[in-house]
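Note that the chains are named A, B, C and D in the order they appear, and that numbering of residues resets to 1 at the start of each chain.
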């Protein structure tokens, strides 16, 4: 599985502002995520954490400002970013009708790699049972098993990855994240729990929220964004 | 070009087809006027909605000012 | 200059102010044209040799049928502009055009049915034109139902725009297949609104009515769009000013 | 069919679209075969409704013979519509539809794979079962082959058009009725030429042209419908 050297990948965000249902969630957001860096996005519920992540992967439509991947701006750079992206959103992305092994094969993993990955997320013995028989927590761990596959893509964008994990699971995930960073990968994730990762930067989205929902703009929204 | 019917009654009767013709014209113009007046109704509903919004805003702001005033002397 | 105009067209406030001036003239024009056309058609145009006076319904049936179909294309085109250039204003125009088009299709169907009674003795005739018009009504109802189903306006706009585009691609196919189906089961009676060479004395009132209906359509579409703009932009200061100002004048006048 | 060897969301730049499509087709088929209820429901609906027809209109053979082509086709259309809603719903709820939308392979192939499996699981069995229903409704002997062929081609177009409706309403909760409302007008041409083919065969005329038009509708649908459905999926995901 040849892959471009991960060290060169970088995601830059300049003066990003996202709007949802006519309300500006945050504005003037700037940050950069280079190789080997991790960024934790915090903020109150409704501050737009999920909207930020979905905007970065191109699922959410309208934003103002600039997002660049390897110095190429969106939307031209979007396909390239997606080719190097591993995204785990609220929905686990695990198909209920398949077994964990088949799900991981669906994501391009060999049988042996998948078995080892499932072991590390404490799903040993559940490899061949159908996912709709597993609990929601177990299904999320099947999704997280994708992080333990050897050929995982360099850029990880994870929405609340620690939600369904017990203490052992959290430490295993922390270890895997650290290993990914050491190999030059980059991680952007949202979480309420603090995570002990070397060089972890945090970003509080509430600081970028517009103070109080004052009317959008004198001129009205310039819709021709 | 001159008026086709000799009297108003004949005009209404239209040798038997009058009911159909006037029914068609009546319903058409009724629906069209209803369609044309609809924006005016929506405008009135929006104004009531805005006033209700401003009243809620005003009440919320007054509650906040009262709460901050109570907090200060403590 | 054209590009700049197109860009400014995107701002709802600019559209609202610009159209305030046009509205009275457009309303006047449509009232005059429709008034004159119907009086002309009802009273002064000669009656039809075969159908007698019942054919006078043509002066509202044909314009309504024209606009019902044209209205769908107008809705689909404004939806497409919204999807391609992400212009919210054109989405608003699309959402306003849907109910207007549906009402016009209903009028076309109703007047067609009432016209069918004296001509064929039954209200409903499975004629090619009328059947295609019925399917067009279902297409409109589909778009309106979809627009009501979403909680978020932005998603509803895009979904309706896409459905309208899919509908536009299918309309010619539907019309042709219904025509084929009608000729297959051709009853012995004459075709409903055949394009027989209509002589001038009937053509001019019809032309006046068609132009009048187009003006009325434009006026109604702009009026509905303006209302929807106010509903969507109620948070902005220019709308609250406008509404505030209006209630002030009303309270003064009331 | 034990397990999937071929990776579906292959991240290496060399991911070939066709390989992705074949792997997706296989995983969809695997999923569909495991949900056997989804296969049986449309067929049971098809048989029971057509069995009710004589109870409704009376058992006279010549009346049933006149009604048979149209009724079989209308009920087949309703049966496909019935099973259309679940096309994307399962994947939408567990998040794999979003993963498909993010995959390097274009969404067109994912939709095409899903629709082909949906056709294999509902359209094909309906077409295979239709001669049996034809006998039940006293369909004249000339019409059986054209019934089978027209349903074979027609149900594929119905699945494709229905996929657009399913994609538009996947984000909504009770979308069954809305889906029917949206796609019903779009089904009209397929229904007209489908029943036309069977009627022509029954009356002893050549039904080749009708089948040709059905095939043309299918070709147009295969090219355009997945694109519209892919666009609709991206819109619904943003809900």
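Just so we're on the same page, a contact is a pair of C-beta atoms (placed from the backbone, for glycine too) under 8 Å apart; a residue touches a chain by one contact, two chains touch by 3 or more.
Chain-to-protein mapping (UniProt): A = Cytochrome c biogenesis heme-transporting ATPase CcmA; B = Heme exporter protein D; C = Heme exporter protein C; D = Heme exporter protein B.
What you see is a predicted model; the values in this text were computed from it and never measured.
Trainee: Look at the interfaces A-D and A-C and say which one is made up of more C-beta pairs in contact.
Mentor: Between A-C and A-D, contacts are more numerous in A-D.
Trainee: Round to the nearest whole Å and give the separation of the Cα centres of chain B (Heme exporter protein D) and chain D (Heme exporter protein B).
Mentor: That gives a centre separation of 44 Å.
Trainee: Could you state the distance in Å from the CA-based centre of chain A to that of chain C (Heme exporter protein C)?
Mentor: Each chain's C-alpha centroid was found; their separation is 47 Å.
Trainee: State, to the nearest whole Å, the distance from the C-alpha centre of chain A to the C-alpha centre of chain D (Heme exporter protein B).
Mentor: The answer is 36 Å.
Trainee: Note the residues in chain D (Heme exporter protein B) that touch 2 or more other chains, in rising order.
Mentor: Within chain D (Heme exporter protein B), residues 238 contact more than one other chain.
Trainee: For chain C (Heme exporter protein C), which residues are shared contacts with two or more other chains?
Mentor: In chain C (Heme exporter protein C), the residues touching two or more other chains are 152, 154, 158, 240.
Trainee: Which label fits the chain touch graph of this model best, line, ring, star, complete or other?
Mentor: Graph shape, chains as nodes and touching pairs as edges: none of the named types, so other.
Trainee: Can you name every chain pair that touches?
Mentor: A-C, A-D, B-C, C-D
Trainee: Name, in rising order, each residue of chain D (Heme exporter protein B) that touches chain C (Heme exporter protein C) in their complex.
Mentor: For chain D (Heme exporter protein B) paired with chain C (Heme exporter protein C), touching residues are 164, 168-169, 171-172, 175, 178, 181-182, 184-186, 188-189, 192-193, 196, 217, 224, 228, 231-232, 235-236, 238-239.
Trainee: Touching chain C (Heme exporter protein C) in the complex: which residues of chain A?
Mentor: 21-22, 61-62, 213, 215-225
Trainee: List the residues on chain C (Heme exporter protein C) that touch chain B (Heme exporter protein D) in their complex, please.
Mentor: For chain C (Heme exporter protein C) paired with chain B (Heme exporter protein D), touching residues are 38, 42-47, 52-54, 56-57, 60-61, 64, 99-100, 103, 106-107, 110-111, 114-115, 117-118, 201, 216, 219-220, 223-224, 226-227, 230-231, 234, 240, 243, 246-247.
Trainee: Under the definition above, what is the set of chain C (Heme exporter protein C) residues touching chain D (Heme exporter protein B) in their complex?
Mentor: That would be residues 135-136, 138-139, 141-142, 145-146, 149-150, 152, 154-155, 158-159, 162-163, 165-167, 169-170, 173-174, 176-178, 180-181, 184 of chain C (Heme exporter protein C).
Trainee: Along chain C (Heme exporter protein C), where are the residues that touch chain A in the complex?
Mentor: Interface residues on the chain C (Heme exporter protein C) side: 7, 10-13, 85-89, 152-154, 158, 232-233, 235-240.
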